[in-house]
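Chain lettering (A, B and C) follows the sequence in which the chains are written, and residue indices restart at 1 in each chain.
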Amino acid sequence: MDINLMIELTPLLVKAAWVTIDISARALFFGFFIASALVTLRTSRTPPVRWLARAYISVVRGTPYFVQLLLVFYGGPAIGLRLDPFTCGVVVGAFNIGAYMSEAIRGAIESVDSGQNEASRSLGFGRFATLQHIVLPQASGLMIRSIGVLAIILVKNSSLVSIISVVELTYQAQRLIGSTYKPLEVFTLSALMYIVIIYAVMGIVEFLYRRATRYTFL
Amino acid sequence: MTQGTETPMVELKGVKKRFGDLEVLKGIDLKVDRGKIISIIGPSGSGKSTLLRSINNLEVIDEGCILLDGTQVNRPDLKGLAFERHINHIRQNMGMVFQHFNLFPHLSTLENVTLAPRKLKGMAAKDARELGMELLERVGLADKASTYPSSLSGGQKQRVAIARALAMQPKVMLFDEATSALDPELVEEVNRVMKSLAEEHMTMLIVTHEMAFARDVSDWAMFMDGGVVIEENTPDHLFSHPDQERTRNFLRKHLGRQEQTQEYL
Amino acid sequence: MEFDFSPVITYFPTLLKGVGATLLIGLVVAIMSIIGGQVVAVITLYTRKAVNWPLRFFIWLFMTTPLLLQLYFLYFGMGQWILIPAIVVGVLGLGFHYMAYNADIFIATIKSVSSGQYEASRSLGFGHLATIFHIILPQAFYRALPQLGNNMIIMVKDISVLSAIGIAELVYMSQYAISVTFRPFEFYITIAVIYYLINIAMESGQSWVERRAAQRR
């Protein structure tokens, strides 16, 4: 392995890694709100609203993220939706991960024992207050872990925006393999950066998980 | 049950409840006067738990009427948010104790007790703390105020659950098989707390398997089977000379259990 | 905005070829990754460190980096030393990627089969290897089925990524049609619908398999 070359390439790849982090973090942030909205819509009192939310989740989960990305980026202009590549990556990433995350949030909420709900309601707490004070604090541990898994998927999925020429880690890696003819060095470096990002996510998730479930250790 | 000119604390008129095709409550009438204690016994599946849960509207009844201190609990005329507001208010006046405790595991013992008064009555943190400590003292668990439910025994959990329900100063306490999930040696500590409530003339409805305890503590006893009240009377009469064959059979089957608990009386 | 789906109809035979290629790749990768995953799991669990440590490393590497990066490395990178056709790179790349994910599942389910099963089998006179193959692995396989199904459903969606290295599957075929007709929206919508149908078929297949396997768990 050519260590000097690797040192030389590091700044370029670090810069590209920031784009990967940036795009994933934004998609995760907006995805959380989309997911929360979907969870709310799924419990709506109006049946068509529930069906619509379920259909959305099913379609997004049932089609490839890559096709969604191509559809919005290349097909979007046909319906007046013109997005620059980076924004497109964030938007599609958020709407995609939002569907998965809504299922994760719902699963976490449903994992809380129904007796908790009953006990809270019997004290006189309303639906929302029960969710806020009783259910969510207990669901948050599982929720954080599931969202962490999705965040890692999001980071790996973000490599696909290289196809619409966002200069992120995979795009840069492919370009450098072509220009340096040193695939092993480039792959090692870029893989290392993905691994660092993913382990950072795992570390944050574990920290938040411990905070959220502190009561079980006390 | 007893006669009185004042409004009964709890009153049920012709309460019916179906689960699908199965009718679990087939028209129940019941009156509980202020400060009285009623025990409801019966085999599992008799509808006794459903009856108790209906009073708290955890089960929504199909027919009939439930009144708490003259106010109607079930309100088929109210929909959506209006009913929510109504039932939340009603429930604040009822304490419910569950078979499986249902303590909030993410809150300390004290926080379990103070959460409702703080959030629902807007009680100041300091006052809530005082009230919470007082109630924990009363159930003998003041020293456990800052521990979390996971480190408590079943009996301790149930005593905290009782304190939690009492914190809202309810007009009536509903006990849904409060000691059924407990190891035999832990039953007594919970029974003792319930008895102390009885001595303070708390109105109570107790669904239980503890025949001896029911006989000892209550003013009136009811035997339910198949969704109907088979027989009701003073505990002495019901437990010693039941009028109905079904009651006799049931009591005979439960004799073993009865003798077990007799020891503490 | 006006939609014109007539080019989609014109090029539907082309798309169908793409569907065929996608399904065929899916089948090959499924077989390869399930069998390979089991082999990798067994080797990882039942051999000495010197043998299983590199395997664990590759499972970990495949699971912590994106598929596309792996494909680029295999295709553009390895291409400098040996010339491999894209389709081989694609199938092997996808196959290894999911082999790692499946091995990860098998490792967990093999471990979950109780040691009592091992002891019972040994006490009957089965040898160490016979016990693994006749007693432990079948049980582990049935336990792994739900997650294997999920992985394969995700895998089929990932076949679309192979278009990036020029493999003529569904997305690549549609990109060709788009380059001629300039109707990206109509074609990508069609692709999404086709993929959704494949997905529904796979999900019902999965629940059918799981129902049948449930009796064996």
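Everything that follows uses one rule, which is that contacts are C-beta pairs under 8 Å (C-beta built on N, C-alpha and C of every residue); 3 or more make two chains touch, one makes a residue touch a chain.
Predicted, not measured: the structure shown is a model, and the values here were computed from it.
Asks: Answer with line, ring, star, complete or other to describe the graph linking chains that touch.
Replies: line
Asks: Per the contact rule at the top, check every chain pair and give me the one with the most C-beta pairs in contact.
Replies: Of all chain pairs, the one joined by the most C-beta contacts is A-C.
Asks: Report, in whole Å, the distance between the mean C-alpha point of chain B and the mean C-alpha point of chain C.
Replies: Centre separation, chain B to chain C: 56 Å.
Asks: At what distance in angstrom does the C-alpha mean of chain C lie from that of chain A?
Replies: A distance of 22 Å separates the two centres.
Asks: Please work out the Cα centroid separation of chain A and chain B, and write it as a whole number of Å.
Replies: 46
Asks: Give me the residue numbers in chain B that touch at least two other chains, ranges are fine.
Replies: Not one residue of chain B touches more than one other chain, so the list is empty.
Asks: Within their complex, state which residues of chain A touch chain C.
Replies: For this pair, the touching residues of chain A are 59, 61-68, 70-71, 74-80, 155-160, 162-163, 169-170, 173-174, 177-178, 181, 183-184, 186-187, 190-191, 194-195, 198.
Asks: Per the contact definition, I'd like the list of chain A residues that touch chain B in the complex.
Replies: Going through chain A, the ones touching chain B are 45, 113, 115-116, 118-127, 129, 133-134, 137-138, 215-216, 218.
Asks: Write out the stretch or stretches of chain B touching chain A in their complex.
Replies: 56, 58, 80, 84-85, 88-92, 94-96, 98, 100, 102-107, 115-116, 119-120, 147-148, 150-151, 161, 164-165, 168
Asks: Quick check: in the complex, which residue numbers of chain C touch chain A?
Replies: On the chain C side, the touching residues are 1, 3, 61, 64-69, 72-73, 76-78, 80, 157-158, 160-161, 163-164, 171, 178, 183-189, 191-192, 195-196, 199-200, 203.
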